[in-house]
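Each of the next two complexes has chain A plus one more chain, namely chain B in the first and chain C in the second.
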Partner chain A sequence: MKASIEQTELFKAMGRVQSIVEKRTTIPILSNVLIEARDDQLFLRTTDLDIEVLDKVKAVVEIPGALTVGANTFHEIVRKLPDGALIQLTGNAGSNQLEISASRSRFFLSTLPKEDFPVMASEDYENEFVAAAKVIKRLFDKSKFAMSSEETRYYLNGVYFHPYEEGGSHFLRAVATDGHRLAQIDVDPPEGMKLFSGVIVPKKTVSELRMVLETGSDDITISVSNNKIRFSNHNLTLTSKVVDGTFPDYKRVIPVNNKKKMKVNAADFSEAVDRVSTVSSDKSRAVKLSLSSGKLHLSVNSPENGKAEDELLVDYSDEPLEIGFNARYLQELTSQVDSERVEFSFQSSGDPALMQDMDDTGAIYVVMPMRV
Partner chain B sequence: MAIQSGRIDLLCAICSIMLEEKNHIMKQSPIRRAIVKLDQKVANRIAAGEVIERPSAIVKELLENSIDASASKIEVFLSDGGKSLIQVKDNGWGMKKWELPLAVCRHATSKLVDNELTKVITYGFRGEALPSIGASARLKIQSNLRGSDDSWEIFVDNGAIGNIKPSAINSGTVVEVRDLFVATPARLKFLKSDRSETQSIIDILKKIALANPEIDFSLTDISTIDKAKLIGDYKFHSKKNTNLTLVKDPLGEANSQRMKQIFGREIFENLLAIKFSGPRITISGYISLPTYSRSNSSHQYFFVNGRPVWDKQLLGALRASYSDFIMRGRYPVTVIFINCPSDLVDANVHPAKTEIRFHDYPSVRSSLISTIKEAIANANTKTSTAVSEKMMEAFKVSGHNQKLGNNIRWNNRPQTLSRKVNSSQINEPDYQNALFSDISAKTFQNSSKELIKDSEIVECDNDKDHDLPLGTPVAHVHQNYIISQTSKGLIIVDQHAAHERIVYEELKSVWSKSLVTSQALLIPEIVELGDERVSVLLKFRTDLDRLGVVLEPFGNKSICLRSLPAILGQVNGSMLVNDLADELLEHKDVSVLEEKIEKIISKIACHGSVRSGRKLNPEEMTALLRKMEGTPFSNQCNHGRPTFVELKLTEIERLFERN
Partner chain C sequence: MIKEPAICKECGRTFLKQSRCPKCHSPRILFHRELFSLNIAHVDCDAFYASIEKSQNAELINKPVIVGGGRRGIVTTCCYIARISGVKSAMPIYVAKKLCPKAVIIPPRMNFYREISRLIFSKMTKLTPLVETVALDEAYLDLSGTLQLHGKTPVELLIKLATEIESELNLTISVGLGENLFLAKLASSINKPKAFTIIGKHEKLNFINNLPVTCIPGVGPSLTKKLKQDSIEKFEHLIQLDLNTLEKKYGSYGKRLWHLARGKDNRTVKPNNFRKSISKEITFDHDLSKENDLEKALWILSESVSEELKTKGIVGKTVTIKLKQPNFQLSSLSHTHFNPIYMAEDLYQISRALLIKKLSSSPFRLMGLSVSKLLVDDRRGKLENSLDTIHVKKQKTELAMDKIRSKFGKNSINKGRSF
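Up next is the complex of A and B:
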C-alpha cells in the first residue's frame, strides 16, 4: 500500500472513526483501524463488534492495499503532525509495518493482518429512506436523556425508533424511558419511508450518531433491518446492531385524562426548581409542587439542612394539588424544551404527569411523581 | 477440523449407546420382594450412622453423659485420632449394676422425666448414644455408683452385648471405645487423617469446656505408648486458691478464666462481654470488637441452654448485628450463650443435636442483635489491641534495621553521621510546627488577643482532658492523623475514617426519623415469586411501604411493584423484591432493604466528611475527638477499618526497653 493524504483531512476522519474504539479490549485487533487504499480514496473502518464506522477521504493512491494499525496511536500521530502537511503512508508487507512520514517526521507502526479484522456482515436492509439530518437529530437528541442505564432491563438501554400510525396520519417516532420518565418525539415521515418494524437503537450508537449527523451533507440515508440499523451520509457510514429485545408498550403509560393543566415559563420553572433543591443533599432531591389558583409553590424539605420555598405565577385554574417529583427529572425535562412556555398536566399526586412544549406538539414527556 | 469434529460426534454416540445399555441392565433387575422387619443389629447400625459419624461425635456423646452425671473432672484419652481408642474417665455419680445392660440398649435413658420431651434439661435424652457406639465399635463401660463399694463393667462388641463382670475402678465411670467402625469398613474409609480427627475432637472439647467452665477437662493423646501428650487442659481454679485479684468480669470469674484458657489472653482482651436478660430469655457471652476479626467463622460459638449449636439463623443474626461495622468477608470472634426455658426451644431436630428450633425466633434474633449492637456502641472508645500490636511490631522491625544500617555507616564513613545530624536540625522546625502549641502560636500570631486567649484555654484544660477517653490532641501529622494524649498513653486518629462514621451516624438518625421518599414507576414491574413469597411480602406491606417499596398483589403468584425508594436510584426492582422475600421468609424482617439504603447513605457520608489531607486546627481536632466519644460505633469506619489506634504508655515503655 502506498498513498498520500493531506493532514487536516486525515485528522478529521480519524477523529470520527476512532471514537468508538474501546481503549482496553481483550481482542487486540479491535483497537485497530482498517485502512484501505483504493480508487483514489482511503477507507477507514473501526468496530467494537456492535457498531462499525466507515469513513472515506480523498487521497492519492499509488499502490492500492489494506492493513490495520492501532487507531489511537495513529490518530495521535496524525494530530501532532504539522497542520496541512502532506502525509505519506507506506505499508511494508515484509516487516508488517506502516510507515508514516510527513516532512522530516517518520513513524513505523506495527500492523495486524487485515484478514483478521472483523468486518460487519452486510445485511439485507428491508427499508431504506432519506431524511434531513436535523430531523433525525431532533428525534434522538430530545429523547436520549430518558434512556436507562440499568443493565437488567437492557431493552430500555436505547431509543425505540419506529414508524407510527394514528388516525390515518403517519409519524416517525423515537421513544425512550428509564422506568421513571419517558420521552416521545414525533416527526413527519420522510419521503419514501415504508412501514418497518421498530428497532431499539443502543445507547452508545445514539451518542455516536452525532458524528454522522453533524458532518457532511444534510441528508442522511437510514437503512433498517431486524438486526441492524445504518446511518450514512456522503462520506460516513455508521452501522449498528440493535438491542435484541421488545420495547414495552409505552402507549399504556402515557396519560390521556390529565385534566389539571398548568402553563409555566420553562426557564423560570427550571430555575426555581434548581434554587429550592440546593438545600437537599441526597441523590433523590424531592421537590414538592403545591398548586393553587394562579400560583405554584415549590418546596424542598431536607432533614439535615432545613427547608427551601419558592413561588411562581402560573396559569392554573383547577382545584389545589400537591405532588412531588425528583428535581433532577424536572430539570432534565424542561431543558428539552425550545419554546418559552410549557404545559404540565396532572391528575393526582400518585399518577403520572405529562409535559408538553407549547409550540411543539410533536414532543411529549411523562414523569412519575415521588411520594414526599 | 471437519474430521476431528466428526470423530467427537462418533465418540459421543458410542458413549450414549453404552449408557443406554447400562441403564437397560439396571432397569432389568428389579424383582418384587416382600417387606420384612430389619434385623435388630442392622437397625442399630443404621441408626448409629446418624449419631456416630466420626470419633469426635463419640467424644461429644461421652462428655455430655459425664456432665449429665454431675462430674467435676473429666479426662479424655485417645490414640490414632480416636480411631483405635477413646477413653473418657469421669467422677460422676455412676451407674448401678442392673443399669449397665439397659444403658447399652436403644431408647433407654435416665434423663427424660415423665416422658416429657418438652422439658429437657440435660444434654442427652434420646437414649441413643451408648447403643449407637456399641453398634459400631468395641465398647467397655466400667462404673462405680457413688457411695458404693462395688464396681461393675459391661462389654459390647459391635452390637453383641456381653455379661456383667466385677470391675476394679474406685469411682465414677470409665467408657472405653476401641476399634471404631471395624465392622463397617465403608465408614472407616471415610474418616480423615488422625490429625484432623484429633483436631475435631479438640474442637468438640473446647466447645463443651466453654459451656461448662466449672468442670475440669483434660485431653491426652496416647498414640505413642511411652509418650503421652497432653493436648488440652482446662482447669477451673476457684478463687480461694488464688490470691490474685482478677479483673472483675460481668459473666463471672469461671467464664473469663475458661475463655482465656481456650482462646488465649490476646483474643480475650479484644472481647466485649455482653449480657441481656429478658422475661424468658437471657443472652450472655463475649463478642469481639469489630476491629478484631477473623477470615472465617470458625471462631463463632453459640450455646443454647449449654448445648453447642451450629445454627444458620443465629449466624445470620450475628452477621446482621455486625453488618455495619465489619469488612465483608471478615468474621467476629463470638461466644454466645442463650438460655431460655426448655419449652421455648426444640433440640430434637437431629440426633446429633447441633440444630435447634426456637419457638419465637424473631424475638431471639432481635434481642441478640440489639444486645450486640449496644455492646459495640458502648465500646466506641475501645480499639482492638491487634492494631496496636501491629504498630509495635512495625516499630520494632524498623528500629532494628535502622540500628544495623547506622552501625555500618558509622564504621565506614563517619562523615555521614554529621550530615545526618545537620539534616535533622534542619528538619526540626518542621517537626515543631506540627506540635499543637506551636501551631496555635503560629496560626494566631497575627490575630487578636482573643484568639490567643482561646488557645490558652485549651492548654489550661490539658490536664483535665487527660481523663477523656480519647484525650487531647497534641499534634496533627501528615495532614490526616491526629495524635492525642490520653491518661494511659497516646492514640492516633485517622481523621477521614473517624469523621466519616460520625457523618454516617448522623445521616442515619435523620433518615430513620423521616419517611423514605419513594419514586413511582412509570411501568410497574410484575415480579413472579410463588405463593409463599407473595404472601410473606404482602404481610409486611406496611413496613415495606414505610421504606418506599410499594407493591400490590398481582394474582396469587406474582406481585406488582409500583414504587421503589428514590434513594436507590435506578435499581433492579425484581431482584430487590426477590431478595426481600427471601429475607422476610428467613428472618421476618426487612433488614436487607435497610442495608441497601444504608450503603447509599454510607457513600453520601464518605463524600460529606473531612478528607485526608485537609489541615485541621486544634479546635477542630478537639471537636472531632469529643464527637467520637459521643457517637456510637465510632471506633470503626463504615467499611470496618479502625478509626484510631491506641498505644499504651506501657507499650511505649516496652519499645524503649524501659521496664
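Up next is the complex of A and C:
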C-alpha cells in the first residue's frame, strides 16, 4: 500500500473514527483502524463489535492495499504533524509495518493483517429513507437525556426509534425513558419512509451519531433492519446493532387527563428550581411545588441543611395543588425547551406530570412526582 | 458484719442474705454487695438454637443435640450434653459425629430462631430502650434509670426476664451484670448455662487478674500469639505495663488493653444499632459451575434478602455478590443503583449481571448476596411509580406473589427459575 494525503483531512477523519474505539479492550485488533487505499480514496474503519464507523477521504493512491494499525497512536501522530503537511503512508507487508512520513518526520508502526479485522456483516435493510440532518438531530438530541444507564434495564438503555400513526397522521418518533422521566419527540415522516418495526438505538450510538449529523451534507440516509441501523452521509457511515429487547408500552403512561395547567417562563422556572435545590441533601433532591391562583411557590426542606423558598408568577387558575419532584429532573426537562414558555399539566400529587414546549407540539415530556 | 443484699432467682423476692428464700424457700439465691447498684447487663441465651429445638421436641431433652449440617457443614450450636463429649461450635460435623456418635443432628431453621429471638428482644425492649443487639441470642442492656421507670432495680428486672423466658419459651439465659460492657460480658460467660453473675466495682481487679487475655473480646489467635511472645498471657501481666508501652506495641488497641486491664471500658450501649447491610449466603453441597445452577441459587438469595428488607421496611442502593472458589479464594463485586431497591426481581437482575462477569472463575463453593447503603423506607405492598411499564408489571407480579405467600405460606407460589 502506498498513498499520500493531506494532514488536515486525515486528522479530521481519524478524530471521527477513533472516538468509538474502546480504550480498554481484551481483543487487540479492536484498538486498530483498518486503512484501505483504493480508487483515489482512503477508507478508514473502526469497530467495537457493536458499532462500526467507516469514513472516506480523498488521497493519491499509488499502490492500493489495506492494513490495520493502532488507532490512537496513528491519530496522535497525525495530530502532531504540521498543519497542511502532505503525509505519505507506505505499508510494508514483509515487515508488518506502516511507514508514516511527512517532511522530515518518519514513524514506523506495527500492523495487524486486515483479514483479522472484524468487519460487520452486511445486512438486508428492509427500509431505507433520506432525512435532513437537523430532523434526525432533533429526534435524538431532545430525547437522549431521558435514557437509562441502569444495565439491568437494558431495554431502556437507548432511544426507541419508530414510525407512529395516530388518527391518520404519520410521524417518525423517538422515545426515551428511565422510568422517572420520559421524552417523546415527533417529526413528520421523511419522504420514502415506509412502516418499519421500531428499534432501540443504543446509548453509545446515540452519542456517536453526532459525527454523522455534524459533518458532510445535510441529508442523512437511514437504513433499518430488525438487528441493525445505519446512518450515513456521503462521507461517513455509522452502522450499529440495536438493543435486543422490547421497549415498554410508553403510550399507557403518557397522561391524557391532566387538567390543571400551569404556564411559566422556562428560564425563570429552571433558575428558581436551581436556587432552592441548593439546600437539598444528596440523598433526596426533592423540591415541592405549591400552586395557587397565579402563583407558584417552590420550597425545599432538608433536615440536615435547612430550608429554601422561592416564588414565581405563573399562569394558573385551577384549584391549589402541592406536588414534589426531583429537582434535577425538572431542570433537565426545562433545558430541552427552545421557546420562552412551557406548559406543565398536572392531575394530582401522585400522578405523572406532563410538560410541553408551547411553540413545539411535537415534543412532550413526562415526569414522575416524588413524595415530599 | 453487715449482711449483703440478696435476691431469690426463683421468685424475685429481695431480702438480706440467708441460705434460702424466706418466701419460696428456694436455695437459688443471688447475693452481692453491689446487687442494686450495677446497671449494665449482658444477656446471652444458652445454646440458643439447640435449646429451641429441645423446647419444641420433648424427646430431645436428654439427648445430645447438634444444630448444623449440610454435607460439609459445621456445628452451629450444640447443647450442653453434646459439649460433654467435646463437641464445640464451629467444629466440622464429621468431627462432632466422631466425638459424639449418638448426637441428633438438626439442620438449622434460621427463620424460626429469628422469630423466637424477636420475642426475646421484645421482652428486653420493654425493660429499657437501650438494648444493643450483638447477635440473635445476645444483647447488652443499659438499665440505669429503671428504678424510676419501673420502680424496680436492674437485678430484679433481669431475674424477672430470665424466669419469664424460661416459663414461656422453655429457654434459659445467662446474665452478666457489671459497671460496663466488658465486665458484663465477662460475667455472663462465667458459670454458663442458666447463670447470673455479678462483677462489682470492689472485686473487678481480683476477678480479672487471673483470667487469660483470650477472654477479651477482639483478642483472636494472632494477637494472642503476639501477646504471648511479649509474655503477656494473663491480665496480671498486662496491668504491669504502662500506657505508652502498650500503645507503642499494639497501636490504638494497646490503649484499649490498658483500660481493660484496669476493668475500664468507656463504650456505651448503642441501641438502634442500625444495620449497615442485609446479607445471605449459601454454601453449596457440591461446587457449582453451571450458569443455571448458580442463577437458581442467586434467585433464592435474592428472595430471602428481599424478604428481610420487606419485613424490616428497609431499602438499599448497593448490591454485592460474594463468591468463594473451591480453594477458598473469595471475590466480590458490587453495583450501586441510582434509586434504592428492595424487590427480589431487582436484586436478582442486578446481581445476575454481576454474576455473569464472574462466571469464568467458577466453580464456586459459596455464594453470598448483600444489600448495603440502607435507608428506612417502608414500601411494603406499595407500587413504585414508574414510567417503565415492563418494570411495573414485574413489580405487580411480585406484590401478588407476596400476597399469596402471606396467605398460603412461603412455598405456595414460586417463580419458574427457582425449580
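Here, the second predicted complex is superposed on the first by the 371 of 372 C-alpha atoms of A that agree within 3 Å, B and C clash if a C-alpha of one lies under 4 Å from a C-alpha of the other, contacts with A are read in each partner's own complex, and residues count from 1 in each chain.
Operating definition for what follows: a contact is a pair of C-beta atoms (placed from the backbone, for glycine too) under 8 Å apart; a residue touches a chain by one contact, two chains touch by 3 or more.
Just so it is clear, the structure is predicted and the values come from calculations on it, not from any experiment.
Student: Return fit or clash for chain B versus chain C, each positioned on chain A through the superposition.
Tutor: On the shared chain A, the partners clash.
Student: Determine, under the contact definition given at the top, whether A:350 touches first (chain B), second (chain C), both, or neither.
Tutor: In the superposition, A:350 touches chain B and chain C alike.
Student: Is A:246 contacted by the first partner chain B, the second partner chain C, both or neither?
Tutor: second
Student: When the two structures are overlaid on chain A, which partner does A:155 contact: first (chain B), second (chain C), both, or neither?
Tutor: The second partner, chain C, only.
Student: With the two complexes superposed on chain A, say which partner A:304 touches: chain B (first), chain C (second), both, or neither.
Tutor: In the superposed model, A:304 contacts chain B only, not chain C.
Student: A:369 in the overlay: touching chain B, chain C, both, or neither? Say first, second, both or neither.
Tutor: Both partners, chain B and chain C.
Student: I'd like to know which partner A:177 touches here: chain B for first, chain C for second, both or neither.
Tutor: In the superposed model, A:177 contacts both chain B and chain C.
Student: Which residues form the common part of the chain A surface touched by chain B and by chain C?
Tutor: 148-150, 152-153, 177-182, 248, 250, 253, 283, 350, 352, 366, 368-370
Student: Give the list of chain A residues in touch with chain C in this complex.
Tutor: Residue positions touching the partner: 148-153, 155-156, 177-182, 246, 248-250, 252-253, 283, 350, 352, 366, 368-370.
Student: Sort out for me which residues of chain C touch chain A in the complex.
Tutor: Counting only chain C, the residues touching chain A are 335, 337-339, 346, 349-350, 353, 375, 385-391.
Student: Give every residue of chain A touching chain B within the complex, in rising order.
Tutor: By the definition above, chain A touches chain B via 148-150, 152-153, 177-182, 248, 250, 253, 281-284, 286, 303-304, 324, 326, 350, 352, 366, 368-372.
Student: Touching residues of chain B toward chain A in the complex: what are they?
Tutor: That would be residues 506-507, 510-511, 513-515, 517-523, 525, 548, 550, 563, 565-567, 569-572, 574-575, 600, 604, 608 of chain B.
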